[in-house]
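The structures come next, written out as structure tokens.
Note that subunit A is present in both complexes that follow, paired respectively with subunit B and with subunit C.
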Partner chain A sequence: MNARRRHEARAAYALLLPSFVGVGGFLLLPVLVVLGMSFMEWDLISAPEWVGLENYAYLLTSERFANSLWVTAVFTLLSIPTAIALGLLLAIAINRGLPGTSWLRVLYVLPWVSAPLALGVVWKWILDPSYGVLNALIGRRVEWLTDPQLALPAVVFVQVWTTVGYISLFFLAGLQQIPVAVYEAAKLDGAAAARILRSITLPLLRPTMFFVTVTSVIASFQVFDSIYAMTRGGPAFRTDVIASRIYDEAFVNLRLGRAAAMAVVLFLVLVAITLIQQRYFRRRITYDMS
Partner chain B sequence: MTAVATKAPTPKNPKYQQNPKNSARDIPARIFIWIGLLAGAGFAGLPVLWMLSSSFKSNREIFEFPPRLLTESFSFDAYLAILSDPSRLRFFINSYVVAICVTILTLVVAIHAAYAFSRFTFRMKHPLKLLIISVQAVPPITVLIPYFGIIVALKMYDTYPGLIFTYMLFTLPYAIIMMTSYMNSLPRELDEAVRVDGGSSMTALWRVLVPVSVPGIVSVGVYTFMIAWNEYLFALTLTSSESMRTVPIGLQLLMGQHSFQWNEIMAMSILGSIPVLALFLFFQRFFMSGLTSGAVKN
Partner chain C sequence: MATVTSPTRTRRTPSARASRLLANALTYAFLLAGAALMLGPFLFSLLTSLKTPRQFNTTWPVSLPDPVTTENFTSLFSEQYNFVVPIAVTAQVVLVLVFGQMLCSILAAYAFAQLDFPGRDTLFWVYVATLMIPAVVTIIPLYSMMTSLGLKNTFLGLVLPFLFGSPYAIFLLRENFRSTPADVLDAATIDGAGVWRRLWQIMVPMNKPILATLLLITVVTQWNNFLWPLIIAPAEEWNVITVATAALQTQYAGNWTLVMAATTIAIAPLVTLFVIFQKQITSSLGVTGVR
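After this line comes the complex of A and B, so read on.
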């Protein structure tokens, strides 16, 4: 028995070997390297030079870095609750199974399956002040992506547009897991629609809500493609999200040490957010359906 | 503007659809929801349709005022311009090579790992599983800079393997998690029978488990292909010569070089979206259920 188990364990490790060579070499190692590089100064040309905590000291005082953290936070706080609320509504509406609505799902997910860069490009054109179709429709010139006041809301809008359909898929799958019997019982007890939503639908969607929130927040803190295509972080750094700051700092300003330090800070922020979300969702009750 | 999709009143619950007694009273609400859903779908789909219709316009019509959604002079000029230009075709070849290799390699590695996690007992199972889950949460942007260093050091800068290995590390953890949960949902008796009969575990995996896992494999494959095909930031950082650039970078280059040839830019965007779109439409059912299966359970 013992020998069989040892044999089984050996087989399992053999099966897992390629995965962990990859994960170890290409994910854990880079995490250590980025940590090391954050204590160095490197411009790609001369050899890296140890500078201790200088990069972090710089980040503490850098207005530009504080600005990107702020922009990313605002971007996340505006886009995710909106996308989740709309996605949930959409899922509830689709879940009613009205005739001819199931194929609409495909249309809703269209933005998410299209290449993000292509979407950034098409929105850049739609929102173009001189040649854009939106300004042509409303009949006046609005600098959607170049007005410092409008640029961030505009990119938030595009983000929400891109993700709503995708998010609704998850809620739809979650809704379909809720047994009809629970609703029937509530209906018999005379529960009103709002009450059913609050006391049944939302609590039972908790695992889905957790998944969607965590993955959306993590994705949102890394958003790059569409924003870079639309604004390149401008105007006046108003859409300079943290990913585009890291990229520019590293490969435009050639300050790889600083960029690495930013990456480390971003990593810690994301870990913290994930832990907080996990606690928040654990504390709440879930209905035991077994 | 985002409110278009929300105009529908909060629906009560899905039970109503099974209760014909309510339907008469429900008709106005249902029409309302129907209109809301339709408006929302139009809102979601219009920019993509705009991309499509613009790609068939002539460059003169592109700047016509007021803009028309449907083109009058239906022309393939923009597509011909892209497909007849070897340097632009090259972007597509690069993207196909990279995305297909990433998908196949990811699937093979993930299937083995998922098999181990799903069907074997071993001491490090839980810690290793936890490692995969936490590694999945490593945001790619945070390892961009070390990757650049590592890929240069391994002499893989500006090569296919450089991109393929890089993308696999983003797709692999997710693929392992998805495949494991898919295999967990299949009865153990299936493959155990083979092993009891003296078959090797590899036979059990490839002859029995893999064939019944096709829906899971397809959805993981589509997702992996999509990540690899659409990736932009690492492709931008890890390649430099124009002959190694992938479609998203090519699109960006096209924007810079011919910033007023919107019909060509849109045609390229369409060509760049078609592979994923086709996979998605073709495997829609598998993909949607596979994608969401891990999310709805605790």
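After this line comes the complex of A and C, so read on.
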């Protein structure tokens, strides 16, 4: 028996070896390396030089970095509640099960399977002031992506467009798990539609809401491809989200140490946000139907 | 699909029926508007890719191409733009990564789900914890690691960081492998099947649906990947399709018919794949919770 156990353990370690190379070498090690790099100055040409906390000191006073955090926060706060509200509405509408509506789900997920970069390029054309579809439709020349006032709302709109269908699928899955009997009981009691939404649907969707919010926030703080295609962070840094800033700092300005320090800050911010969300959503309501 | 609305057929007053009709009409209007908004950009870009620059400049942007031209696609594949290269590179990257990720993830998930060994739970916890590490954070250290290995602008540089499985896939597969009935596996053990044979002759065949879903997700993720290829393989001969499209847009800004042909090439294969396998994907999304 003991020999068999040893044999099984050996087999297990052998099976785990490749993935351990991946997790250790390309996920855990990079976290250590990025931490080390954040204490250095490196321009890719000369040798890296130890500078202690200088990069972090710079970040504390850098207006550009503060701007990026602000832009990312605004981007997230505008896009996620909108996408969640619309996604929930879509899910409720599809869940009514009207004839000929279930295939619409296919359409809503198309943006999810498409490359965000390619979609960003498509939207850059649609929003183009002279040749774009949107201005042709409304018959006015509007500088959607180059007007400093409009650029951020425009990229937020594209983000909502990209994510809303995907989000609605999760709500749809959540809605379908709510027992029909709960609704029937509420209706017999004469509850109005708004009351049912507030007192039954939303509380029972809490786990889905938690999952969607957490994953959306994490994705939103890393958004890069579509912004790269549409604005490259411009005009006047109005759409300079944190990932764009890290990319520019590292590969345009060739300040890898500074970029590494930004990445460390981003990591800490994301961990903090996840923990806070977990706390907020912990008090769950479940209606035991058994 | 189950409907949750009013399964009980109670007596209805005329006003209740009227409000129900109104609700249905509003639902249809909302869903159709949403569908049009979703489909529009795909349709417009496809239409534009089938127009000549002259047609594009002289007609309404949402008009149908008349006549349809494939000029943009043929010039993309000509020597000048050479879009054959990014398609070939992307296809190879996707192929190698799908194979590597699926294999390594299956092996790891099987070990975590079915085998007993010291340190199993701790190690699994470490794997799950790495799900928290955002890609943007690892991109700079990975770049410095890969370049110091001399892998900038190489195929290996493109694939190496993602080749050995993903913690997400391992997590997902482990959940499914664990629920495989133990008596089937026990029976096989009694018949003398070893660890390896139990995996390939029982575990994998019994979990085909989740494996198929994971395969599709891996194809989508890798085909659409942009930031890593942009950084590690900027040389033209190693451009993947997203990087080539971005470069084309920067270089030929304003040549929208050509650029829309490029986005169509980047988008169309996966949309086709998705439409074919849409049941598989939509039904599993709720379970898997990707991204």
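Side notes on the structure shown:
We adopt the following convention: the second predicted complex is superposed on the first by the 267 of 290 C-alpha atoms of A that agree within 3 Å, B and C clash if a C-alpha of one lies under 4 Å from a C-alpha of the other, contacts with A are read in each partner's own complex, and residues count from 1 in each chain.
Keep in mind that, in the parts below, a contact is a pair of C-beta atoms (placed from the backbone, for glycine too) under 8 Å apart; a residue touches a chain by one contact, two chains touch by 3 or more.
Being a predicted model, the structure only gives us computed values, none of them experimental.
In the model built by aligning both structures on subunit A, subunit B clashes with subunit C. When the two structures are aligned on the shared chain, A:Phe211 is found in touch with subunit B and with subunit C.
When the two structures are aligned on the shared chain, A:Ala194 is found in touch with subunit B, with no touch to subunit C.
Within the superposed three-chain model, A:Ile167 lies out of touch with both subunit B and subunit C [touch as defined at top]. Judged by the touch definition given at the top, the superposed model places A:Leu127 against neither subunit B nor subunit C. Residue contacts after overlaying the shared chain place A:Met230 against neither subunit B nor subunit C.
When both complexes are overlaid on chain A, the residue A:Ser102 reaches subunit C alone and has no touch with subunit B. Of the two partner chains placed by the overlay, neither subunit B nor subunit C lies in contact with A:Leu145. In the superposition on chain A, contact of A:Ile84 is made with neither subunit B nor subunit C. With both structures placed on the common chain, the touch criterion links A:Phe157 to subunit B but leaves subunit C unconnected. Comparing the two interfaces of subunit A, the one with subunit B and the one with subunit C have residues 5, 8-9, 11-13, 15-16, 18-20, 22-23, 26-31, 33-34, 37, 89-90, 93-98, 101, 104-111, 113-119, 121-123, 125-126, 131, 133, 136-137, 161, 165, 169-170, 172-175, 178, 180, 183-184, 187, 211, 218, 221-222, 224-225, 228-229, 242-243, 246-247, 250-251, 256, 259-260, 263-264, 266-267, 270-271, 274 in common.
Contact residues on subunit A toward subunit C in their complex (touch as defined above): 5, 8-9, 11-13, 15-16, 18-23, 25-34, 37, 42, 44, 89-90, 93-98, 101-102, 104-119, 121-126, 128, 131-133, 136-137, 161, 165-166, 169-170, 172-176, 178, 180, 183-184, 187, 211, 215, 218-219, 221-222, 224-225, 228-229, 242-243, 246-247, 250-251, 256, 259-260, 263-264, 266-267, 270-271, 274.
Interface residues of subunit C facing subunit A in the complex, by the touch rule stated above, are 1-8, 24, 27-28, 30-31, 34-35, 37-42, 44-45, 48, 56-57, 60-62, 103-105, 107-108, 110-112, 115-118, 120, 123, 126-127, 130, 132-145, 147, 160-167, 170, 195-196, 220, 223-224, 226-227, 231, 241-242, 245-246, 249, 254, 256, 259-260, 262-263, 266-267, 270-271, 273-275, 278, 281-282, 285-287, 289, 291. The touching residues of subunit B, counted against subunit A in their complex, run 1-2, 5-6, 8, 10-18, 30, 33-34, 36-38, 40-45, 47-48, 50-51, 63, 65-67, 109-110, 112-113, 115-117, 120-125, 128, 131-132, 135, 137-150, 165-166, 168-169, 172-173, 176, 201, 226, 229-230, 232-233, 236-237, 247-248, 251-252, 255, 262, 265-266, 268-270, 272-273, 276-277, 280-281, 284, 288-289, 291-298. Partner subunit B is touched in their complex by these residues of subunit A: 5, 8-9, 11-13, 15-16, 18-20, 22-23, 26-31, 33-34, 37, 82, 85-86, 89-90, 92-98, 100-101, 104-111, 113-119, 121-123, 125-126, 131, 133, 136-137, 157, 160-161, 164-165, 169-170, 172-175, 177-178, 180, 183-184, 187, 193-194, 196-197, 200-201, 207-208, 211-212, 218, 221-222, 224-225, 228-229, 242-243, 246-247, 250-251, 256, 259-260, 263-264, 266-267, 270-271, 274, 286.
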